[in-house]
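Each of the two complexes below includes subunit A, the first together with subunit B, the second together with subunit C.
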Partner chain A sequence: MARLNDDAQWIILMGFLISFSFFFLAIIINQSTVVGQTTAESVIEFPKNDIRDLTGIITYNTSRSNSTEVVRDIPVIALSRKNAIVRYTVILPQSPQDTHSYALIHYNNGVTEYDENWTSL
Partner chain B sequence: MDKTTRSNESGVSEAIGFMLIFGMVIVGIGLVTLYGYPLLLKQQVGADEKIMEKNMIVLQNDVKSLAYKTVPFKETSLKIGGGALTIHNSSAANPSSNISIDNGVVASYLPPFTVNTRFTPGELRYESVSSQTDISLQNGAVVLRQHQASGSVMLAEPRWFFDTATNTMVINLVEFTSETIMAKEGIGTVQMSLTGEPYYNETLVPMNGNITLTYNPGTTQDYSVAWDNYIWNTWNIPQSYKTYRFGTPGTGNQVIYYLNNAGSTPMTLVIKIFRVNIKSI
Partner chain C sequence: MSFSKKGWGKTKVRNRSALENTAGQLYTIEGIAAGLIMIMTAYLVVSATSVYTAGDTHISDMQLEQLGTDALKVMDAPASRGQNSLLQDIIEKTPVGTSNATFGLVFSDLTNSHTTAVKDHIQYTASYSYRNLTDPTNAVSSAFLHSSRNLSAGEHAVRVTKWVIVNKKLPPSSPLADRAVLVEVLMWRD
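And then the complex of A and B:
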């Protein structure tokens, strides 16, 4: 008489386990959309290029003759166009010993606050 | 009798067995319908609301892009489940709030600078049908409230900020406008764009000068608890600048915040108003 062979029951058990693991994976996938949103947000929010543009313009204008007007203009433009508070002071080369220009730059757009002490070459 | 035990089936009835098993199945179905199904529905409502909270933050990002990133036009497709998304523009009846900013004596810091000038932001509001919850995108912030409770909570903050290095206070106000009254259920596309140049004004507040900010909640929609938490606690103005607060949030009455320039230099007060036009929902 043929005996009952239950060697392959693990296949059914594994199927059961895998189907349950799908259930938990579904929960994790459901949560992941929120994470993606916040990460993308913080990347967009970070004003790296704004700060680069700004330091570029400020350092370019340190040596110009009309730099006193520019010092007044840039904060106004930054506030109205980029919604950021910008203040900076430029210290021109003082004596024959020190040939460097300096710029103290302050930037704040409510999310990112940035201060730089720039020195010319 | 035999020595070996024989199986005795004299007490076994097919009918009773059937009844037992069938009874169990019926009780099982009954339990699931009575308790399981409402629970599932509730979960669905919860999921709809969670999705909508996220959607509102996406819409807030759109507004941010328009206002602060000089993007001209924004469009977002979203699924509005378990309720409706409605635009209440700044001139709609029964606004959820209005605010005024002045120096406590005569003038207003808001255009047209006359006494008692009030700014009404308008809102994009999602009203959940089954759980009686409202989620609203107003004045650059996302706020949530329950219909029955007096409390409310802010899910995403507006971008008001204070810069200590330059003693500058920036208040960004966002006003919603629209051609018509619009509402949507199901899949919708929210299109928005900036109208005109943003209003921009810089005022010097002298040392010890006052700023009075009045938040006046609407008669039917009261988000004053959320805004009170933001203005009085979360907004990064220094503690020494906060003089006192008059009124109780959550009661439907106006709350007045008295602020004072306690710094050693005149404070720059920057007020910007962005007018966002909702073209369609």
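And then the complex of A and C:
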């Protein structure tokens, strides 16, 4: 092997380092286009609005007519249109001893399971 | 290292190459660089099969879903306690399956309004589902409510829903009762 000119090895090494750091910076910039993907997907997957809407209407119905048709409607429509198993029981006020309504609500859409024990004011 | 007895000035300066074998250092660096280039090339080739664009990130879907949920929530808020909400009124007063222009006006206004006069271009088609009392298996039926545009199957739509309790004959041949219906709106950007 011919005798190497080993001058300026540090300069060459630094040159390589800087080149590679540029490469990794480019990868980071490239990734910035998908920022928020995981956040958005987890927001979509988690049925926060569904659960709040459901508990809202169940508790609203206890102060309205507490129609037995509503009690039958909700599990059937939830399973058919929302792919969620919903069951709930409402206990109306046992006056005069107790003036509160109670609701036991169960929700399961296969990913998120939620149970609530609600008491009216 | 050994020092001359005649002082520092005559000390022989020995550089690193005299102590170690420094042959081929540049070739080593070049080899490492070539290796890294090959690994990166392989990475780029493999990752080229999955190019993510902003549309794949579902961020706009999430925003559209939240906008629609909020709009339906606003429409289902009664003016005062004990009164019917607008959404309840719309469903109760519209014959099953017929279009309701009020829903269209309010929903369009809530979802397409900007702070300036320029309107957004969100389209929707709305319906509600109810349990069919006359059906022997109590199947769920859907009733059309309103749409701003017909579906052409090419839309990338999101679905938003809202539970509403209405006092209505569902279906029209059944007795009047409080019923739970699920308002469903498909929304997409045109």
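Methods note: the second predicted complex is superposed on the first by the 87 of 121 C-alpha atoms of A that agree within 3 Å, B and C clash if a C-alpha of one lies under 4 Å from a C-alpha of the other, contacts with A are read in each partner's own complex, and residues count from 1 in each chain.
Assume a residue touches a chain if its C-beta (ideal position, glycine included) is under 8 Å from a C-beta of that chain, and two chains touch if they have at least 3 such contacts.
The model shown is predicted, which means the values in this text are computed figures rather than measured ones.
Once chain A of one complex is fitted onto chain A of the other, the partner contacts of A:I85 are limited to subunit B, with no touch recorded for subunit C. Within the superposed three-chain model, A:Q94 lies out of touch with both subunit B and subunit C [touch as defined at top]. A simple residue count on subunit A separates subunit B from subunit C, and the partner touching more is C. Of the two partner chains placed around the shared chain by superposition, subunit B is the only one that A:G110 touches, whereas subunit C remains out of contact. In the superposition on chain A, A:N61 makes contact with subunit C only, not with subunit B. In the superposition on chain A, A:D53 makes contact with subunit C only, not with subunit B.
Look at A:I77: by the touch rule set out above, it reaches subunit C but stays clear of subunit B.
Look at A:S21: by the touch rule set out above, it reaches neither subunit B nor subunit C.
Of the two partner chains, subunit C is the only one that A:I12 touches; subunit B does not reach it.
In the superposition on chain A, the residues of subunit A contacted by subunit B and by subunit C overlap at 33-34, 37, 41, 44, 80-82. For subunit A in complex with subunit C, the touching residues are 1, 4, 6, 9, 12-13, 16, 20, 23, 33-34, 36-37, 39-41, 43-44, 49-50, 53-54, 56-57, 60-61, 64-65, 67, 69-70, 72-74, 76-78, 80-82. Considering their complex, residues 54, 57-58, 61, 65, 67-68, 70, 159-161, 163, 165-166, 168, 170, 172, 198, 200, 202, 270, 272 of subunit B touch subunit A. Looking at the complex, you find that subunit A touches subunit B at residues 33-34, 37, 41, 44, 79-83, 85, 87, 106, 108-111, 113, 115. Residues 17, 22-27, 29, 32-33, 36, 40, 52-54, 56-59, 61-62, 65-66, 69, 73, 129-131, 133, 138-140, 160-165, 177-182, 184 of subunit C are the ones touching subunit A in the complex.
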